[in-house]
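Chain nomenclature is as follows: A, B, C, D, E, F and G, assigned in order of appearance, with residue numbering initiated at 1 for each chain independently.
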Amino acid sequence: MKEIIIMILSTFGALFVLSTSVAMLRKPDVYLRISVTGKAATLGIGLLLISAAVFFSDYSVTTRVIATIIFVLLTVTIGGHMLARAAYFTKTPIWNGTKIDELAGQYDPKTHILYSEKHNSSIKPEKTDTPS
Amino acid sequence: MSLQEYFQLIIIPILGISVILVFIRFIKGPSLADRVIALDMLILISICIIAVYSMVFNHSTFLDIAMLFALIAFLSTTAYAYYLEQRERK
Amino acid sequence: MIIAVLSGFFFAALLPLLGRFAKKTIPLIFSLLPISLFIFFLFNLPVIKNENTWISHISWIPSFGIELSFRLDGLSMLFSLMITGIGALVFTYTAYYLKGHPYLDRFYGYLSMFMASMLGVVLSDNLISLFIFWELTSISSFFLIGFNNEDASSRKSAMTALGITGFGGLVMLIGFVWIGYITGTYSISELLSKPELLKNHIGYPWIICLIFVGSFTKSAQFPFHFWLPAAMKAPTPVSTYLHSATMVKAGVFLLARFTPILGDTLLWTTSLITIGAITMVYAATHALFRVDLKSILAYSTISALGILVFLIGLGTEKALLAATMFILAHALYKAALFLITGIIDHQTESRDVSQLAGLRKVMMPVAIAGFIAALSSAGVPLLIGFLSKEVMYEATLQFGQWAVLLTLLLVLTKIFLFVAGFWAGIKPFAGTLPNEFQKVSMPSALLWVPPLLLGTLSLLFGTFPIIIEQALIQPVVNSMVGKENPIYLALWHGFNLVLLLSLITLVLGFILYLYLKPSEKLFLKTLKFEAVSPENLISGFGNLFSWFALKWTKFFQNGYLRNYVITILAFLTFLTAYTLFGGVNIYIDWNQISTITPSEIIVVVLMIISIFFAIISTSRTTSIVALGVVGFANCLFFLFYSAPDLAMTQFSIDTLTVLLFMLVLFKLPKNKTLSSKGMRLRDAVLSLLFGTLIAILTLEVFEEPSGSEVSKYFADNAYLLAKGRNVVNVILVDFRGFDTMVETVVLVIAAVGVFSLMKLDLNPSKKD
Amino acid sequence: MNNSLIVLPIVIQFLAGTILLFFWVKTEMQKVLSIIFSVLALSISIWLFMLVWNQGIQVTQSGNWQAPFGISFVADVFGATMVLISSITGFAVSIFSAGSMRKERLEFGFFPILHFLIMGLQGAFLTGDIFNLYVWFEVVIISSFVMMTLGGKRKQLEGAIKYVSLNLLASTLFLIGIGFIYGLTGSLNMADIAIKITDIQNRGLINVTAGLFLVAFGIKSAVFPMYFWLPASYHTPPPAVSSIFGGLLTKLGVYAILRSFTLIFGGDEFLVSMLGIIGALTILSGGFGALMHHHLGKIFGYLIICHIGFMMMGLGIFTEIAIIGTVFYLIHDIIVKTNLFMISGVLLKINGTQDIKELGGMYKNYPLLSLLMAIPLFSLVGIPPLSGFWAKIFWIKAGLETEEFVLIAFIILGSFLTLWVIAKMWGEVFWKPGEGLPKKANGLYFDELSTGDKWLWIFPIVFLSFISLYIGLAAENIIILSQKIAGDLMDPSNYIESVLQIKSIRP
Amino acid sequence: MTKNLLLSNLLLAIIWVMATGTLTEENFIFGFMVSFLILYLITVNKEERKYFTMLPKLIYFILFMLWQIIKANFQAVKESLYTKSKLSPAIVKYPLEASSDVEITLLANLVALTPGTLVIDISDDKKVMYIHVLHLENKESFISEVKNNFEKRLLELMR
Amino acid sequence: MEILLIIIIGLLHAGGLYMLLRRSMFKMIIGLILLGNGANLLIFLMGRLVKGHPPVIEDGLKVFTEIYADPLPQALVLTAIVIGFGLQSFAIILIKRVYKVLETDDLDELNSTDEDI
Amino acid sequence: MKSLIFKTASTYLLPLLLLFSVFILLRGHYLPGGGFVGGLMASIAFLIHSFAFGLKETKEIIKINPGYLMPIGLILAVGSGIAPILINEPFLTGLWFEEPLKFIGMVGSALFFDIGVYLVVIGATLTIMFSITETV
């Protein structure tokens, strides 16, 4: 029984990871890739870690697994945010299929202040069509 | 099929393929942010691999390494972000 | 005796402290040293006569058979007396000659150091200590020649002299050590007692060649002679003392010393006769083409040294007697001539023999001294020069089938030297006094007494040879020949061939003197032949050597790091590949190799690709991140193969490194492709070669049977003795804690270094 | 003999470096502390030397883990001598630095690094463990990196790039060598390795490993064809740094070669003859370079190379007599080279330049100083009976014994080149009239210093000159010492027995 | 207030452990539950009673978030198989109600964990949050969805 | 597997050397790092490869009951890694400094200390 | 960096990570970890904090100049080496308290040694990283 649970959990985990990897390869711009990484990976990692917790069925392992999962969740989302933000600063091209871009021109290039009201700075990533 | 074999034959290969896919992204880039996110992803996958290995070899201590990996992955991501921002600012 | 030798050094050592006082008040006080030494040796004359030798030992480096032992026998007595006697005169002469010179004290320091070294050379009974003193004479001579150190040509002459004699000394050292190696002793006394040991040794020809080089360089034999005329840059007292009377004779002394040990073989005789003959004729000829008094004297000195070598080469008892006589005679008249030249130079500020004339009118005593010296040099009867010349001719005439040729050469040389001596000793004083010298004043007695004294001695010994015959000359010959055959010196041997030759020499010499006038033109004509002179050949060789040195240095130290790396690794590859393919048994034992799993393959592929990527990428950030992946794959290996600690450490450190790179890099200039395609290809091939080599080696070492008892001990005792379960950590903090402690120091130093590198900038800033 | 106190020299330097780190910008305090610690270290080194001399090899097993399991520290006569010499040098350099280093450099950790550097050297001299040796090596090189770049001047940086990269390459090769040694013997204790290595069938592999060590140590000791980093860098840092570098750093490589080739690898014919060839070409390269340059630092740098060549050649002959020569020369060379670079520092301070074409007038203006400087200069040349002379007799004798006549020729050539170079330098720097001196320089000129500060510059030179004189004039003592060391090196069984605490390894 | 109760709850649990003398996690959890119950019974203050409703709410919220994450992942799987043309990404300005740093951070994290969203940044005046949406159909409905599902629940828990 | 690892060791050395031979300072450092990695792996390999048995004595036991990976090379590599980190960080900062002062990354422009014959 | 999210998160992350680093340090003798990794962990924690808040604030939090952590750590390490010499045992001989301490386990000189290493690593890493970020 335990084995089957582990198998199911780990299979799903691995598949999630795989799907993220596929997405990473296929998404047309960096923002989409960042966006996609965070989620699938977290669940993939989570499931695999949980299956390890089930496998060892040990209190100390379980707590550590939970800690790790929380930690991964936290860092992956914050990391994604920071990377996306930095990418935007550096004007990393954005896919031209993007419907709305309300961030365009909102960053002040010198002070890096982000405005909530309408602003018109030079920080507007180019649009790109060529997914690479 | 024992659990060990299952891991060896199914899970690890899947994760391995993921590594390769991510690595392709890593090579292609094109921006630094792409590479960084790919590296990040590689580390995340390796956390998964560690989790699986800990089961394969029945050593729970490997899981601590996973925790450390997560922490460090975070550091490198922030560092890259920091770097990108600083580069822009110079 | 040791005090006698070393007193000169102590004296020199005291000078920096006391010299300043002494040179201002009574410079004559310096002469006390050589005078007292001279008296010391004079008082020991009877000892030598009665007991032949007096040896004193002081142990210095017993473990290598090196002693400060001194041997006073006839030969060393002769030289010691010359050294201290002429030394006394030169010291006195200097007191006035360099009066008021700011560095008079230094001068005396070097001079007494030289005197001590020279005494050391002639008195040493140990080859090594002899060599030590020998080199010290070269050094003190270096300082004396370069005494006028602000003059570039003085410095150059000093260098030349030091170069030639220093080189000769070093070569000679090999000979000495070789002798010591063969015979097991450096003691000259012991060597004297077993001469056959060396002569029969296979290395004998080499040994004498080595010693010849030493003695020829020192005694200015052809083709090493040219340093001596150059050394005349030195103040006249120096030329007198070192370059005529004493130091240059050290080589001759050495040959004389070794005659009983190494001499009396065909090789010895032939080489010495040949070199000596060439030198004496060559130099004597040269002397006739000079106009500078010192130059004339220098060449005539070289010629005289040639004669001495020649005579020692003859090696017969007669010849050695001749050599002994000539050493003494030459010392007396040549020193006198030099001192006179010095006086002329000092008073008239000219040394051009073609200009000088009639000086007797202003400095009669000097003229007398010059006259006597010139006559002695010419070998006129009643002077010691005559005696020596007579014995010389006797010696050559007795020398078998070569007698005629050798005698002829000697006569020729003697004729030329006759002229040279007259030029130096008589010509400046003869004739009418030119206007420019009218106001020349009479020199101080301190200047003219020494040469006159020397002249007197020449006359005294020449007229009454009995004074020195038994007391001095006999022991000298004894110490060279080794047996006691009484010698007999006399003015009159009856009418014979020798007397005829003497007469011919005098007559032809005088005719030549009348006929040949020293002139600048003649001198300039000889310059044409300078291109093939030994001096130029050697300096040409020196230039070639410098050229080669420059090429060599620039070739290896070319400034390109990659060339350095290539050279080093090519050397490594050569070294290891040579041994590898010469002596390693290459095999693969597949039993030791484990199977491969898919995940491992993936990591391997990851690793390989990222290595390539790190290398070929044109973007720096990309190579850095690729490097990160290499490290990451490395971690996975560590993880797979049971090294969790390593994986953790490697991973954190890799990340930090990558981070460092990122922080540092973005201010670097754009990455350019710097090397050409061909270059890159070459490097790639080389690198692959190196990589392959390392891989093969690793494989072979890996194939050796494994199993470390040390590791096993650690694993067995980690918990039992060191109370830890993680063996790696136990090794790090306990079993091999020292490594870790030191390693933390490395980190600390690196941190300090990074800190200072980032914060401290001592470059002059662009603002100022 | 077990004695846990033999690590004291290391500990003292460790404490010195550590405590000095607390006095970050208090430079006056640092100077005082550094000198105090140096005196302390010197006394301890003397004590250690006397102890070893009187009572034989001293061993301690750190952590109380028996050899070959723990890290053994071994003070044999060789090690103790090297420790003593490095303490002497360290003492001199400490004083010289107090006088000569700029305040800014002292504020950025010069003194702690100096003590760590000496600690690294002494650790290397005392350790009996090959990996521990590597670690000490790293301490030495990282300290030297820091000292070389301290201040970050243009030339310093340019030199440092080559210095750093080639030294790191050497470290890597050393590490690979250690990996092979471990793979072959499963041990790291040098005495243990010495025993185990004899059992290995595949002899070629041992020679290959020896080759790796040779190259790694060869780079460190700057022999042909691996010396390039030295002329590129040694003249760039401040004189106090150059002097400790010139005196000790390359000698660490020589020490390591001596130790490993006598204890571990023995004399493989090919490698030993390689050492001879290397020695000859090193002499040539060093001599040539010294001949061609006119910057004092460079001249001295090349002379270091030239004289390392002598020592290598002694090893290339590989008889006890030759090793006596090499050990004697090693002792002499450390003292005299340190002194030499200090002298070049004083010359720089006085004249504001180190270019012998520009220098001059020393003899006229500073006669006593010139006389003082003459002592190390002529010791270096090997004017008998000064210290540089004695070793040559041993080498020549050894060369004659083994009929390596070509090597003798190179020794003579090297000696001659040295003589020529120094004579030339003497003529240019001391004799030639100086014009337009002092050149523009930073800070005070020598003449403007207070008497106390002047003595900080001069005292170390006087001190080392006296030691040089002692080595030369009391050569008997040094020869006896060298004979003992060479004997120990050529027959390491005593070393091995003491470390492993076994009765006898002799058959 | 709630903090104090939480502390007392923990303290009581510890006392329980000490009293029973067995230091195991089960015992601790059991002690915690017992003391929770006791505290629930003895607390009358209205403000303070919030603690007892909050805990179940928190648990519910966590479960809800988990569900969202799982949903996000499945969607991601689906999307990873999408072709480009079906994507309609956008960067949307989201007006914030949350005001404290912790609230905003938590909200951003929660939002980031949900399907197809990536928080790019928060304006310096903390008024708006810029969210990258993977699949935007209607901007207003997206904003209100986030408001109702996440922000309100969160603020309720926090305040 | 060992063969593959040996190939990688060879590659790391080859790559390291290749980078060391480039004209860019930056590449030189990369080369040194690669070489360092190669050497570390080499030492690690000398302890032989053991999968899944870290040298950690399990709870409750006093000695190993199963096979275990050789701990000694691991400790050595660990030391070497840390030392390498110190050296590498210094070298990295050095090139930064060199660039700041000399404004070049090209090693061929850094030979003034070699040239003034 | 001026990221609110990052700043807020790192305020909470710092103590967490430091705790984790101490955990890694203390268990080193029994499980993978130890002074090195622990020290690196702690430095990473501070580094992350410095990325979020800037060096000045991080330095204020550390209170002591990381430069001084190095000699302190060195003294601890060498102290645990010298201590046995005082009782006439070889340098670095392990000394152990008789009874194990709760949570920490056996306490011996090895632990002090490891703590020394931990401090040195923090000091060195932070000195390196800080001096770079400051001058960049």
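As a working rule, a contact is a pair of C-beta atoms (placed from the backbone, for glycine too) under 8 Å apart; a residue touches a chain by one contact, two chains touch by 3 or more.
According to UniProt, the chain labels map to these proteins: A, B = Cation:proton antiporter; C = Monovalent cation/H+ antiporter subunit A; D = Proton-conducting transporter membrane subunit; E = Na+/H+ antiporter subunit E; F = Na+/H+ antiporter subunit C; G = Na+/H+ antiporter subunit B.
This one's a predicted model, so the numbers in the text were calculated from it and none came from an experiment.
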Revision key, fill the gap. Output for shared partners of chain E (Na+/H+ antiporter subunit E) and chain G (Na+/H+ antiporter subunit B) reads A
Review point. Which chain pair shares more contacting C-beta pairs: B-C, or D-F?
Key: D-F
**Study point:** Reference chain B (Cation:proton antiporter); chain at largest CA-centroid distance
**Key:** C
Check your understanding: Whose Cα centre is nearest the centre of all Cα atoms in view?
Key -> D
Study note, to complete from the structure: Of all chains, the one whose CA centroid lies most distant from that of chain D is E
Check your understanding: Quick one: chain D and chain G (Na+/H+ antiporter subunit B), Cα centre-to-centre, how many Å?
Key -> 36
Check your understanding: Rounded to the nearest whole Å, what is the centre-to-centre distance of chain C and chain G (Na+/H+ antiporter subunit B), using the mean of the C-alpha atoms as each centre?
Key -> 62
Revision key, fill the gap. In whole angstrom, the CA-centroid distance of chain B (Cation:proton antiporter) from chain G (Na+/H+ antiporter subunit B) equals 26
Exercise for review: Please work out the Cα centroid separation of chain A (Cation:proton antiporter) and chain D, and write it as a whole number of Å.
Suggested key: 57
Exercise for review: Return the residues of chain E (Na+/H+ antiporter subunit E) touching two or more other chains; collapse runs of consecutive numbers into ranges.
Suggested key: 108-109, 119, 121-122, 124
Exercise for review: Would you mind listing the residues of chain B (Cation:proton antiporter) that make contact with two or more other chains?
Suggested key: 15, 19, 29, 32, 36, 53, 61, 64-65, 67-68, 71-72, 74-75, 78-82, 85-87
Practice item. Note the residues in chain A (Cation:proton antiporter) that touch 2 or more other chains, in rising order. Key: 15, 20, 22, 34, 44, 74, 78, 80-82, 84-85, 112-113
Check your understanding: Quick one: which chain pairs are touching?
Key -> A-B, A-E, A-G, B-C, B-F, B-G, C-D, C-F, C-G, D-F, D-G, E-G, F-G
Check your understanding: Across the complex, what residues on chain G (Na+/H+ antiporter subunit B) touch chain F (Na+/H+ antiporter subunit C)?
Key -> 30-32, 36, 124, 128, 132
**Study point:** Complex interface listing, chain B (Cation:proton antiporter) residues touching chain F (Na+/H+ antiporter subunit C)
**Key:** 53, 56-59, 61
Practice item. Quick one: which bits of chain D touch chain F (Na+/H+ antiporter subunit C) in the complex? Just the residue numbers, please. Key: 131, 134-135, 138, 141-142, 145-146, 149, 152-155, 157-162, 164-165, 168-169, 171-172, 175-176, 178-180, 182-183, 188, 231-233, 235-236, 292-293, 295, 298
Check your understanding: Tell me, which parts of chain C touch chain D in their complex?
Key -> 16, 60-64, 106, 128, 131-132, 135-136, 139, 142, 146, 149-150, 152, 155, 158-159, 162-163, 166-167, 170-171, 173-174, 177-178, 180-181, 546, 548-550, 552-553, 556-557, 559, 561, 564-565, 567-568, 571-572, 575-576, 578-580, 582-585, 694, 697-698, 700-702, 704, 706-711, 713-714, 734-739, 742-743, 745-746, 748-750, 752-753, 755-757, 759-763
Check your understanding: Where on chain C is chain B (Cation:proton antiporter) touching in the complex?
Key -> 597-599, 602, 605-606, 609-610, 613, 621-622, 625, 628-629, 632, 635-636, 639-640, 644, 647-648, 651-652, 655, 658-659, 662-663, 666-667
